[in-house]
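Multiple structures follow.
What follows is a pair of complexes built around chain A, which joins chain B in one and chain C in the other.
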Partner chain A sequence: MNDLTPTREQRSAALEGMGCKRKRVEDIRFTQGKGNYVDDVKLPGMLHGDFVRSPHPHARVKKIDDSEALKVPGVLAVITAETLKTVNLAWMPTLAGDVQMVLADGKVLFQNQEVAFVVATDRYAADDGINKVIVEYEPLPPLVDPFKSMDADAPVLREDLVGKTTGAHGPRKHHNHIFEWTVGDKELTDAAFKKAEVTIKEMISYHRTHPSPLETCQCVCSFDKIKGELTIYGTFQAPHVIRTVVSLIAKLPEQKIHVIAPDIGGGFGNKVGAYPGYICAAVASIVTGKPVKWVEDRIENLTATSFARDYHMTTEIAATKDGKVTGLRVHVLADHGAFDACADPSKWPAGFFNIVTGSYDFPTAHLAVDGVYTNKAPGGVAYRCSFRVTEAAYCIERAMDILAQKLNMDPAELRLKNFIKPEQFPYHSALGWEYDSGDYHTAMRKMMETTGYAALRKEQAEKRAAFKRGETREIMGLGVSFFTEIVGAGPSKNCDILGIAMFDSCEIRLHPTGAGIARMGTKSQGQGHETTWAQIIATEIGIPADNIMVEEGNTDTAPYGLGTYGSRSTPVAGAAIAMAARKIKAKAQMIAAYKLEVHEDDLEFDIDGFRVKGLPEKFMSMKDICWAAYNSVPPGMEPGLEAVSYYDPPNMTYPFGAYLCVMDIDVDTGVYKVRRFYALDDCGTRINPMIIEGQVHGGLTEAFAIAMGQEIRYDEVGNVVTGSFMDFFMPTAVETPHWETDFTVTPSPHHPIGAKGVGESPNVGGVPAFSNAVNDAFSFLGATHIQMPHDFWRNWKAAKDLGAVA
Partner chain B sequence: MAKTHVTMKVNGAEVEGLVEPRTLLVHFIRENLQMTGTHIGCETTHCGACTVDIDGMSVKSCTMFAVQAQGSDITTIEGMANADGTLSALQEGFRMMHGLQCGFCTPGMIMRAHRLLKENPSPSEQEIRMGISGNICRCTGYQNIVKAIQYAAAKINGVEFKEAAE
Partner chain C sequence: MIPGSFSYHRPASVADAVKLLSDLGDDARPLAGGHSLVPMMKLRLATPAHLVDLHGIAALKGIRRDGNNLVIGAMTTQHELLASDDIAQSVPILHEAVLLIADPQVRYRGTIGGNVANGDPGNDMPALMMTLGATYRLEGAGGARDVAAADFYQGAYFTALEPGEILTSVSVPVPAVGHGYAYEKLKRKVGDYATAAAAVVLTLSGGKVATCSIGLTNVHETPLLATDAAKAVIGTSLDAATLKKAAAAAEAIMAPAADARGPVEYRKHVGGIMVTRALQRAAAKAK
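Up next is the complex of A and B:
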C-alpha cells in the first residue's frame, strides 16, 4: 500500500451507497425544464379530447345532441356511452370489484361526471365543441349525507344493481349499501366493554379530501391499426397494472399494449386508478386513427378523479381506571360516492383499516365497516398513505387523547402505558396483523426529551390559568401522535390486485466496463428512485451508484411490478433490488474465484470487490469482474452478469414514529400558529437521509393541509363547492410551518436490507398531531372532540360554542 | 378563428408565431415554441407552475394571452442555465438543498426565485417565503426550497452559505 491507495473509507464513499446523502440524479433535468411529463408528449397528428360533464349530482340523461358540436371547426368526433357500447366499454371494472360508468349511461350520479368526450384538433377546439353539446337532463333527488344513504326512502342511486343482494365483498343490506366488512372477536370485545371500569365513545370523522398532485391526470393514446398495437403514455403510478387492465377490458393482446409512464408530477395516490379519460382517449384513437391526448384541468381533477378519506368512525375504547386499555370497538360508515372505485388490494374493501389498534396492546378489538353510495365523485384512494391507514391512525390517536382526557392523564403517559413492548415483537394484533419490529418507548421518550415536553405542559398550565384570569386570549395546545403504519403491500398470501399478487421486481444488467442498468416494476413520482435504487445496488455489489442507470415506467422493458403507492416501493421493490444484486454477487464470486485461482469459499466481499481471506493483496474489483464476465468466465458458466428478482414479501413492514405539534390559537379570531412541529420517524434502515427528510417535510405539509383546512365539500344539494385552489386549501410557503425531523432505527427483521418505507408516515402521523393540538388547546374549556378540518372559522366557532367568545 | 402574428424575444432569441387572440401565453410557449419546461398546474393563477419572467417581472403565463406578450422579452426555465451549459446558482441550489422532488413546480419556482433575488439579493427566510407564496409545491414542504434560494443568494453574492440550525 502506498499513499495513493484509497482507504476503505474512501472506497466506500466513492460508491455513494446506502446511508449517503447522495444528490439526486433526476434534478439535472428537472432544474433545467427538461423533464418529460405526459403533457410534453407530442405525437404527429395528435388530437385532443375533453369532457362534457354533468352540472347535476343526480339526474336522468334524456338526450345528448352533438349535431351543433360536430359543426365546430376542428371537432372530429363526439363519443358518448352509445359509442362506447359498440366496443363494450360504456362501463369499466373498478379495482374494488364494482363497475363504473365511463360515460353517463342513462343517468348521472355525481356533479361533473363524464357525459361525452369531444375529440378535436386542439384543446381550444375541443372546448368549443363541449359548449355546443346539448344534454337534456331530468334532475333526480340527490343523496349527499352518507348517514341517510340507507334510509328506507333513500333514492336508488345504482339502478344497475337493483335486485343484487350480494356485491364483491358479500351481502348488501340496502340498495345504497356496498359492503359490510367485519374483523375481530365481537363476543370477547363486547364482554370487555361490559366489565370495563372506564369507556369512551366518540364519532370521529375524517373528512373527504383530495391528493391533488401539481400535475393532473393525463394520457396520450395512440392506436396503430396496421399492427393492432396500442401505446399509452400516462400518469400511471402502476403502469403494468394499467396494461393488464386495458388488455382485459379492451380485449387486446397484452403484448400489443405498450404503457409508458414518463416523468410524473406527483401522485399521492391520485394516479393509481383507471379513469374514464384513459378509456375515452384510447377509444377515440381507435375511432379516429390518430393519437389522442387527454389532460385534466384542475377543476376536473378536484371534482372527478379520486377523492380520499370520507370515513365516519364511531370509536369506543374500554379501559381500567388507571389507564390500561382493555378493548376497542369501531364502526365505520364509509362514503364511497357513486361507484366503489377504491384503490385497495382486491380482498380488502376497507384497505388495512384493521391497523386501527395502532401502537397499543389491545387484548381484544372488533371492527365493522359499512360502505355506502352517495351522489359524490368515486374514489377512496390512499392519499399519501397505505390503504386507509391514515384514517385508522387518526381514529386511534384521537380516541387515545379522548381517553386520556377522561382519565385526567397526560396523553403521552397514557400511550407509554399501553404501547406494545419491544419484547412482544413480532406482535400479533387483535385485528390480525403481525407487527415486524418496533421500539415505541424509546421513540416516544426521545420525542419527549428533545422537545422538552414536560416544560411545554407546564407552560400550557400557566397559560390556561392566565386565560382564565382574563390576561390572554390565546390558548395553547400540544398535539401528541404516535403512529404505527402498515406498508409494503404485500405478501401474496393476502394481497392481490385483480388476482395479481403484489410482488415487485428488479432486473439488473451489468456491462463490461463496470456499469449497468436496473429496470424496475415501480414508478417514481418524485420519490427519487433513480437516485436511491442505485445506492442499494452500489452497497450490495460494489459498483458506484453513478455507474448505475435506473429505468422505470416502460412496460416493454421493465419487469412486471405492481407500482409505487402505499409506501411499497422500498419494502417490496427495494428488497427485489437487494435480491437481484445478491444473485449477481454470487456469480461474481465464482468468476473472481476462477480468476484468482482459489475456491470461492476462500473469498470475502470487501466494499467493491472480492478478496482472498488472509491474503489482502489478492483482490479482484467488481469492475474487473464485470469485464471478466464478458471475457473469461469459468468453463461451463454462461457469460454475462445479470439477474432478475421478483420479490414476494413474507410480511408487511411497520414503520412508526412519535410526533409533537405545539400550537397557539387566538380564540377571538380562530387564527392558529404552529409554533413548533417535531417529527421522529423510524423507517428501519435509512437508504438516503436527505431524501427521507424531504419525504417527511412533504408528508407533514400535506398532513398540515388536511388537518387545518383541505376539504372536498358538497353543499346539501350535491354541488361540489371546493373545485379550485381558491377554495381547496393548498398551503403556500407562508402558511407552512417549519419542520424539525429526527429518527430512531429499528430495522425490519424480514427485509433483506431492513428498510421499512417512509414516504407516507408523516401524513399518517401528522394529521392526528395537528388535530390533537387543536383539541388539546380547547380541552380545558370543555371540548371533547372537534371535527377536522380546523380552519380559522371552525376554531372561532369552537371557541364560541364553548362560551369562550361572546 | 382568425389568427394574429406575434413576435417576442424568448431566452434571447427572436421568435414569432400565428396565434388566436385567445391563445394563452403558456400554450404558445409549450405548443408553438415547443419549450415544455414551463408547466400548467391549475389554469387559475394559483399554483405558479407556469411562471416565466417577462420584462423584469414574474408572470403566470396561464393568465396572459400570447398577444399581450407582443414585443416583450421573456425568460423561461430553458434560459436559466449558465452560458457554458452548467447549472446556474439557483438550479444548483435546488439540487444541493434537495429543493425539488417531482420537479413539476420547479421551473416556475426557479423563475420566481430568479426574479426575487433580482428584487432582493439578500432576502431573509420570511422574505423568501412571502416572495414565493404565489408558487405551490406539493412535495417539499418549502423548507428546502427556502434553503435552495438562500444557497443561490450566497453564491451570487460571493459569500459562504451557512445552513440555519434546525
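Up next is the complex of A and C:
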C-alpha cells in the first residue's frame, strides 16, 4: 500500500451512503426551474378541461343548459353526469368504501362541487365556456355543523343511500351517519373510570384544514383509440393504485393503462385519492380522441379536493391522585363532508386513530368513532401524517396537559411518570398495537436538559407574577409534546387498499461498469427519494450513491408499489431496497469467491467489495464484480446483477419525539411570538441527516400554520370562506419560527436497516406543542382548553373571556 | 382564475390616455401595477373590455420637490418610494408604511397611483395620505383638478375620480422638522392587509403635543381621519388617561367588517391599540 491508497474512512465517505449529509441530487433540476411537472406536459392537439362548480352547498340541480357555452369559440364539449352515465362513470368508488359523484347527479352536496366539465382548445376558452353554462338550482337547507348531522330533523344529504342501514364499515344509525368504529374494552374502561380518583373530560376539536401543496392536483389524459391505450400523467402519490382503480372503474385492461407521475410539487396527502378531474379528463379524452389536460387552481384545490382533520374528540382520562393514568375513553365525531373520501387502508375507517393512547402505559382504553356527512367538501386525507395519527397525537397530548393542570403537576413530569418503559417494548397497547421500540424517558430528559426546561418554568412563574401585578401585558407558555407515531402501512395482516396488500417494492439492476438503476413503487413529492434511496444501496452493496439512478412514478417500468404517504416509504420501500440490495450482494459474493478462488464463507464484505478473511490484499471491489457479472460468472450461474424485492413489513414502525415550544402572547392584540421551538426526533436509523432536518423544518412549519391559524372554514350557511392564501394561513419565511432540531436513535428491531420514517413526525408532534403552549400560557388565568386554531383574534378572545382584557 | 378577454392599449402621453378613456367609456380601465386589478380580473369580479396601460407614459413617473411639497408621479412604484432618499429623510412615515405593504414582489409592481386610486380601504397609502394632508391631481378630458386626499374617498372602491379621469400625481406637504411619526399596522402575515392600522404625525412643544393628525386603515369602508382622537391629545403629554380617550374617540368612528382577521369588536379594539401605540412611538421620535 502506498500513500495514495485510500483509507477505509475515505472509501466509506466516497460511497456517500447512509449517515451522509449527501446533497439532494434532484435539487439540481428543481433549483434551476428544470423540473418536469404535469403542467409542463404538452402533447400535440391537447385540449383543456375546467369545471362548472356549484355556488350552493346543498341544492337540487334542475337543469343544465350548455347551449350558449357550446357557441363560445374553442369550446368543444360540455360533459355532465348524464354524459358520464353512458359510460357508467357518473359516480366513482372512494378508497374508504363509499361512492362519490364525479359530476353532480341530481343534486349538489357542497359548495364548489363539480357540476359540468367544459372541454376547449385552451384554458381561456374553457373558462369562457364555464361562464356560459347555465345551471338551474333549487337550494336545499344546508347541514354545516357535524354535531347537528344526526338530529332527527337533519336534512337528508345522501339520497343515494336512503334505506341503506349498512355501510362499508357496518351499521348506519341515521341517514347522515357513515360508520361507527369501536376499539378497546368498554367494560374494563368504564370500570376504571368508576374507580378513578381523578378524571378529566374535554371536547378537543381538531379543525378542518388542507394540505395545500404548492402544485395543485392536475393530470393529462391521452387515449389512443387505435391501440385502446390510456396514458395518464398526473400528480399521483400512488401511481400504481391509480392505475388499478382506473382499470377497475373504467373497465380497461390494466396493461393498457400507463400512469406516469412526473415531478410532483408537494403532496402531503392531497394527491393520494382519485378526483373527479381525473375521471372527467379521461372520459373527455376518450370522447374527443385528443389529450385533455386538467389543472386545478388554488381556489379549487382549497375548496374541493381533500381537506384534512375535522375531528371532534371528546376525551376522558382516569388517573390516580398522584398522576398515574388508569384509563382512556375517547369518542370522536368525524366530519367527512359530502362523501367519505378518506384515503385510509380499507379496514380502517378512522385510520390508525387507535394510536390515541400515545406514549403512555394505559392499562385500558376505549374508543368510538362516528363518521357523519355534512354539506362540505369530501375527505379527509392524512395531511402529512399517517392515517388520523395527527388527530390522535393532538388528542392525547392536549388531554395529558389538561390532566397535569388538574393535578397541579408539571406536564413533563406527568408524562415521565406514565411513559411506556424501555423494558416494556415490544409493547402491546390497550387499543391493539404492538409498539416496536422506544426509549421515551431518555428523549424527554434530553429535551428538558437541552432547553433548560426548569429555568423556563421559573421564568414563566416570574412573568405570571409580573402580569398579575400589572407590570406586563405579555404571558408566556411552554408547550410540551411527546408523540408516538405509527407509520409504515403496512403489514398485510392489517392493511390493504381495495384488497391490495400494502407492501412496497424495489428493483435494482447493476450495469457492467459498476453503476445501476433502482426503481421503486413509491413516488417522491419532494422528500428526496432520488438521494436517499441511492444512499441505502450505496451502504448495502458498496457502489457510490452517485452511480445509482433512482426512478419512480412510471407504472410501466417501476415495480408495483402502494406509493408515498403516511411516512411509509422508508419503513416499507426502504426495507425493500435493502432486501433487494442484499440479494445482489449475495450473488456478488458468489462471483467474488469464484474470481478470488476461495469459498464464499471465506469472504467478508468490506465497505465497497469483498475481502478474503485474514488476507487483506485479496480483495475484489464491487465495481470489478459488476464487470465480472457480465462476462465471467461461476459455471451454472446466470449472468447479470439484478434483483427485485417486494417487502411486506412484519409490523409498523413507531417513531417518536419530544418537542418544546416557548411562546409569548400579547393579551391586548392576541399577537404571539414563538420564542423558541425545540424538536427532538427519534426516527431510528438516520439515512441522510440533512434531509431529515429539512423534513422536520417543513413539517414543523405546517404544524405551526395549522395550530396558529390555518383552517378551512365554512360560514353558518355553508359558504367556504377560506378559499385563497389571503385567508388560508400559509406562513412565509417571515412568520416561520426558527427551528432547533435534535435526535436520539432507537433503531426499529424489525426493519432491515432499523429506519422508522420521519417525514410526518414534525406535523404530528408539532401541532400539540404549539397548542399546548397557547393553552399553557392562559392556564394560570383559568383556561382549561382553548380550541385551535390560535390566531390573533382568538387569542385575544381567550384573554377577554378570561377577564384579562377589558 | 382565468380572466375574460380584453383589448390592451398603451398610450404614450396623459392626453392620449385621457382621450382613450373618454372614448372607450365605462368599459375601459387604467392599468397601473395590476396588483389589485389583475386578481379581480382573474376572478372575473372585474371584466373591463379595455385596459389602458399607463406604463408607457414617462411623465407619470418620478419624485420631485415643489416648494414645501414632494410631488410623486402616479406610476412611481412602491419600490421606488422606498429607494428615495428624499422620502426617507423628509417624509419618513411614508418610507415606514410602504415597507409594510406586502412583499418585495408586490412593491416592485404596485404603484402609488394605483394604491390611492383603487379606493380599497385595505390599502395603506390612502389613510396615510389623509394624515399627511396630501392632494391628488386628477386629469380628464375637461382638464386638471386637485382633490384633497381627505375628500377623495366616498365608499369602498368609490372615489372622486370621474369617468375618463386619471390620477397623475400625489402631492405631499413635507411635515415640520422635528415631527414625530409612526405607522402601526397589525396584520396576520406578510402579504396581508391590515387588521387595523393607524398613522400618526405630530409635533411636540415643551413636552406637550402641539399638532397631531391621525389616520386609520381598514376599519371602515373608507380610510378615516380620526380628528376627535387627534384633538384629544393636543396639549397633553400623552398620559395614560389621554391615550385611553384618544383610542376611544378613534374606535367610535370605526365600522370594520367582520372577516377572517376577526370579529368587529376585535378589529375595533386593536384599532384603538394601534392608535395608542402609534401615538406613543411618534411622541418618542419627536424632537
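As a convention for this text, the second predicted complex is superposed on the first by the 806 of 806 C-alpha atoms of A that agree within 3 Å, B and C clash if a C-alpha of one lies under 4 Å from a C-alpha of the other, contacts with A are read in each partner's own complex, and residues count from 1 in each chain.
Everything that follows uses one rule, which is that contacts are C-beta pairs under 8 Å (C-beta built on N, C-alpha and C of every residue); 3 or more make two chains touch, one makes a residue touch a chain.
Since this is a predicted model, take the numbers as computed values, not measurements.
> Determine, under the contact definition given at the top, whether A:732 touches first (chain B), second (chain C), both, or neither.
Touch status of A:732: both partners.
> Just checking: does A:361 make contact with chain B only, chain C only, both, or neither of them? Give me first, second, both or neither.
Neither chain B nor chain C is touched by A:361.
> Using the superposition on chain A described above, determine whether A:298 touches chain B (first), chain C (second), both, or neither.
The answer is both, since A:298 touches chain B and chain C.
> A:691 in the overlay: touching chain B, chain C, both, or neither? Say first, second, both or neither.
Only chain B is touched by A:691; chain C is not.
> Quick one: classify A:721 as touching chain B (first), chain C (second), both or neither.
A:721 sits against chain C, while chain B stays out of touch.
> Under the stated touch criterion, which partner chain does A:709 make contact with: chain B (first), chain C (second), both, or neither?
second
> Looking at the overlay, what does A:793 touch: chain B (first), chain C (second), both, or neither?
Only chain C; A:793 stays clear of chain B.
> Which partner chains sit in contact with A:602 here, chain B, chain C, both or neither? Use first/second/both/neither.
neither
> Contact-wise, after the overlay, does A:26 reach chain B, chain C, both or neither (first, second, both, neither)?
The answer is first: A:26 touches chain B but not chain C.
> Hey, what residues of chain A end up touching chain B and chain C alike?
Comparing the two interfaces on chain A, one with chain B and one with chain C, the shared residues are 123-124, 297-298, 725-726, 730, 732, 734.
> Considering the complex alone, what residue numbers of chain C touch chain A?
1-2, 4-5, 44, 103, 186, 188-193, 195, 259-263, 266, 269-270, 273
> Inside the complex, what are the residues of chain A that reach chain B?
23-24, 26-37, 39-40, 42, 73, 122-124, 212-216, 263-266, 268, 297-298, 525-528, 690-691, 693-695, 697-698, 700-702, 724-726, 730, 732-734, 736, 738-741
> Mind pulling up the chain A residues that touch chain C in the complex?
It comes out as residues 50, 123-124, 126-128, 131, 297-299, 668-671, 709, 713, 721-722, 725-727, 729-732, 734-735, 791-793, 796-797, 805.
> Quick check on the complex: what are the chain B residues that touch chain A?
1, 20, 22-23, 27, 30-31, 34-44, 46-47, 49, 76-78, 80-81, 87, 91-92, 94-96, 98, 100-107, 110, 128-130, 132-146, 166
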